[in-house]
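Quick one: structure below, then a few questions.
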Amino acid sequence: MSEVRFGQAINRALADAMAADENIVIFGEDVAAPGGPFGVTRGLLDRFGAERVRDTPISEAAIVGAAVGAAMSGLKPIVEIMFMDFVTLSMDALVNQAAKARFMFGGQYALPMVVRLPHGGGINAGPQHSQCLEAWLTHVPGLKVACPATVSDAYALTRAAIADPDPVILVENKSLYAVKGALPEPLPSVAIGTADIARPGRDATIVTYGAMRGMALAAADMLAKDGVETEVIDLRSLQPWDESAVLASLARTHRLVIAHEAVEAFGVGAEIAARMADVGFDELDGPIVRVGAPFMPVPFAKELEARYRPDAARIVEGVRRTLA
Amino acid sequence: MTAANSSSPLDLLRTMTLIREAELRLAQLFADGEVPGFIHLSVGQEGVAAGVCAALSSTDTLASNHRGHGHALAKGLDLERFFLEIMGKAEGMCQGRGGSMHVADAAVGMLGANGIVGAGLPIAVGSALAHQVRKSGAIATVFFGDGALAEGVMHESFNLASIWRLPVLFVCENNGWSEFSPTSKQLAADPCALALSHRIAARSVDGNDVLAVHEMALVLVDEIREGGGPRFLECRTTRVRGHFEGDPQKYREAADAARSEDDPIGRLERRLTADGVPAPDIEAATREAKRRVDAAVRRARSGTAPAFDAALRDVYAPSEAAP
Amino acid sequence: MSEVRFGQAINRALADAMAADENIVIFGEDVAAPGGPFGVTRGLLDRFGAERVRDTPISEAAIVGAAVGAAMSGLKPIVEIMFMDFVTLSMDALVNQAAKARFMFGGQYALPMVVRLPHGGGINAGPQHSQCLEAWLTHVPGLKVACPATVSDAYALTRAAIADPDPVILVENKSLYAVKGALPEPLPSVAIGTADIARPGRDATIVTYGAMRGMALAAADMLAKDGVETEVIDLRSLQPWDESAVLASLARTHRLVIAHEAVEAFGVGAEIAARMADVGFDELDGPIVRVGAPFMPVPFAKELEARYRPDAARIVEGVRRTLA
Amino acid sequence: MTAANSSSPLDLLRTMTLIREAELRLAQLFADGEVPGFIHLSVGQEGVAAGVCAALSSTDTLASNHRGHGHALAKGLDLERFFLEIMGKAEGMCQGRGGSMHVADAAVGMLGANGIVGAGLPIAVGSALAHQVRKSGAIATVFFGDGALAEGVMHESFNLASIWRLPVLFVCENNGWSEFSPTSKQLAADPCALALSHRIAARSVDGNDVLAVHEMALVLVDEIREGGGPRFLECRTTRVRGHFEGDPQKYREAADAARSEDDPIGRLERRLTADGVPAPDIEAATREAKRRVDAAVRRARSGTAPAFDAALRDVYAPSEAAP
């Protein structure tokens, strides 16, 4: 058990996987010599060499497109798009190629590739460097999407994504990179598609993922002071997501709040809510409340972004509303 | 593969006639409602597919575009499973999920036709990266049209291939048309100039002269295999039919379509005749192609409808394969 | 009142708008001389000239990017991306530029632009030419999204989109282009954001849009034979969408089914369901049922695509399930 | 605008020193925590912004990139509202919603800095389309870095501008760096060769020689205004500081950053001195710039925090404006 930063846990997972499988290559903008814009790929070039760890030009379409071709030809590429906002430039390769290749070629090809996408705000990076666009990707059959919230899951989900035979998107919240936490020994493993009960509770369920896990736990603490015991479910995987875990929790608490940093409208939370309003309908004793960002681009100024990002107080409000 | 194992002119003729007969049959099947969706034929362009693919080995990989029947067949795709696929049958290459625009065959390195203009380029670049990293000795090839030269990803792909000296052959089939619009009005650049600007050695050949295409492809493939990095080959050719079957081509003078003296098959046949190849040997190519196509279509017609649940299971790898 | 095809109604709207405002220009692949891949822009080049109606190269990123710059500089561009599947190549311009310009430049710029996106299947066009990706766009603050289902709305919403000062996406179902219907005189007008009650009913509400309107009406007919009176709400606009109309209908029927051609998971229907499971919770007497495409790429073969596309029978099933 | 109304060297010096003083102050404010987010400074590159923008009129439009402070100020953006914006105040150009990477001013044709590498190019192309269609006589300009040349949309934009002969000036600020990586390892092509491949006339100048930049810009702007179509200008320059403030630049030899003899301001000052311009006139530029920056920062500090509800209202046009 050691204390490491979230970003370092990903780094460790990348290195461990690369050491075990020489078909794994990494490429992206500034990931090799500079060690990545957030330091996540630091040291990999020195350790694994220039053949397997490469800096690319600023060419997001070709980066993901090349990953598709590489994955179809025997490599296991891990690529990084520096900010999730720039995946707007890679959508064809991701959606029309990577996601569909196995299916549309009749199962002839496997596409073991990983696309790392740092998302989220909180650093006043403004409208084009702060977005959470994961709902787009969860809507695409053929892609898997995971989003770790803890150091342990950062390691485990990165390993799971790399080991997966299908294209997996790793959504990494930028505000988590520097957060420290425990990396257990033996090293953790998590299956994609399994949620984590971050805190058990009986009065209400908060479903969340990524950086909002921390906010949800803080909200649960605040609520506990008033005797409200909230269960916090960290989805960890968004596609597939752990419907049975959420349903089981709802069957215990009968109240549901879903919290994420992404824009609330048409976000990931909408699907969770919609499923629970169908298969979980009989369990519901109150409205399903979502806590997400308002319908606006991520604003730059400190005061604006602080109001913009969902926080523990808003989650508390949401829980109170469904309990009312 | 070196010039030593270049294909014979008769081999090239056989490939071209196979493509031609297969596509003319597809046209008929489409008109008769036996082929769903829409299909883009390469009639008149067979010299490019045949000439280039004959310079490749089966471990070399190939990415193609929407007009990919010829590329696929020249790369060695099984004819029966090709028809089965395009007719939407479970026994097709892609189990009827892709159709004409997505024919692929992992066994012969065919990475798939592609419905997205330009999308094959970075795929080939990535495939070449795999060849380079794995030191497989193979190369990647990609066919794309002149219209695709306008896509941004072409530029990104050329650049990446050039700086990493990847073993990839870029083949531009310049038929003068971007769907319903003449490429001359759409593209400021000369195709070779684009490649050259990225320091990719570029050559242009008469794409309707299959021998010239093949000879040039052999040279370029050799250079690439020797570690020379990417190469670009422009093949000037002719789209004889509409953009897709059923296209009334109101935008185009009939004359343009009918320059039969350019036909790569006719040209090679005349050349072989002049070289003294006996007429029966020449005619055998077409006869044999028709026979194979007949058989394939018969087989395809007896194919079964794909099962929905099998398709649903193939969106992801079977979960046992997952960790 | 005249009978015209859906595509012709759009054509008429484009022409009427262009005749009224010389700042309107149209560009896209094959939209000028060839008259558009589906004939929707036929005749506009002859009528309005080569300066205002232009064929572009196959450059989806530049088409939408240029529309942004043109809209910021005094034009009202209308652009077409030939199949919605190709908007994967235009996402940066649409999402990071068009959607955010007004907001992130502090309201200095208006972006009156229209992006026409033909979507949907039914013509065996396969996995890369059949997708319904509108849920991506409805998730983006700053964009408006409309999707007409009738000839009259095709005219009215096209005019409304062009007149709108913000970027509007017009989602046009390919299978509707050839459908004939009435184009009323005087010509119809519809405000973006207003739904249409396509059929009134008291037992259940079906919320739908685009080509599924027809399926929903067929389903309602089938149900009526058994005495089940279904209200069919055609959203017409997806962003903003007419929450109050849906809520009002739910308050009458207390049962909700949402049907669309897009993949069900994380689709537009998820947001409608999620909102109703919150603000409409007290009205619900049964689970919210969604009817959408299964989680797979759009398959090519006839039998596969027929099973893939939601139809009236599946909507009937959905209504029965929530009534059970 | 013709050479007749070219800017005087002293005007160019004033613009450059204003940019320099503004950015050095921003660096300080950033280090002190008064500027949120991250900022990219153009210290050492002021000659490009000053030289080019002095050849433009206020009706000409300009698209910029992440390193856009200099472009914005040279285009005439109000200094106070510039600081107000970058410090996140309600009175800023963008009401504090955009910050450093999004400074814009409709009043002077500044279409905005841009956080997406390469995104300014098609925006400028579209703006030029508007000028052409509306026959406004104006032209569009776009600044972008050498790194942006790798983006696909660059290619699409060059092509579109070329085939439509749009009035647009493409200005590549070649500082040799793509963030933390040397562009020499990232780009196979010579920048001018890329433009030329699209039949866009291209020129390259020493970007640290503001007089040379200005002279060349005047020529190109003239050619564009006369209907010559797009032009490309490469300005070879030096990124003196890190990619963004706080960048420790471990990837870079200090020497590279410190070639002070290249400094465009120092060079122009020496040149003016040699030409006999009195020292007080030269020194006045920096003094005046400092004074203006002081005042602007004072004003910006007294700016107010933006109101959330006002921001929310501006996602769309007010509904009265809708039909």
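For clarity, chains are labelled A, B, C and D in written order, and residue numbers in each chain start from 1.
Here, contacts are C-beta pairs under 8 Å (C-beta built on N, C-alpha and C of every residue); 3 or more make two chains touch, one makes a residue touch a chain.
Here the structure is a predicted model, which means the values were calculated and not measured.
Taking the CA centroid of chain C as reference, the farthest chain centroid is that of D. Comparing chain pairs A-B and B-C, the larger number of C-beta contacts belongs to A-B.
The mean-CA centres of chain A and chain B are about 39 angstrom from one another, to the nearest whole unit.
Between the CA-based centres of chain A and chain C the separation comes to 30 Å, rounded to the whole angstrom. For this pair, chain B with chain C, the centres built from the Cα atoms lie 36 Å apart. Between chain B and chain D, the centres computed from C-alpha atoms are 45 Å apart.
Residue positions 94, 96-98, 102, 114-116, 150-153, 156, 159, 163, 185-187, 311, 315 of chain D are each in touch with at least two other chains. Counting partner chains per residue, chain C has residues 56-57, 59, 61-62, 85-86, 88-89, 92, 96, 103-104, 126-128, 141-142, 295-297, 299-300 touching two or more of them. Note for the complex: chain A touches chain B at residues 23, 25, 51-52, 54, 56-57, 59, 61-62, 64-75, 77, 92-93, 96-97, 101-110, 141-142, 144, 159-160, 163-166, 189, 191-192.
Contact residues of chain B toward chain D in the complex are 150-156, 158-159, 162-163, 185-190, 193-194, 196-200. Interface residues of chain D, counted against chain C in their complex, comprise 61, 63, 85, 92-98, 102, 104-106, 111-112, 114-116, 119, 121-134, 136, 140, 152-153, 156-157, 159-160, 163-164, 311, 314-317, 321-323.
In the complex of the two chains, the chain C residues touching chain B come out as 29-30, 33-34, 37, 55-62, 85-86, 88-89, 123-129, 294-297, 299-304, 307-308. Of all residues in chain D, only 36-38, 88-89, 94, 96-99, 101-102, 114-118, 147-148, 150-152, 178-181, 185-187, 250-251, 305-306, 308, 311-312, 315 touch chain A in the complex they form.
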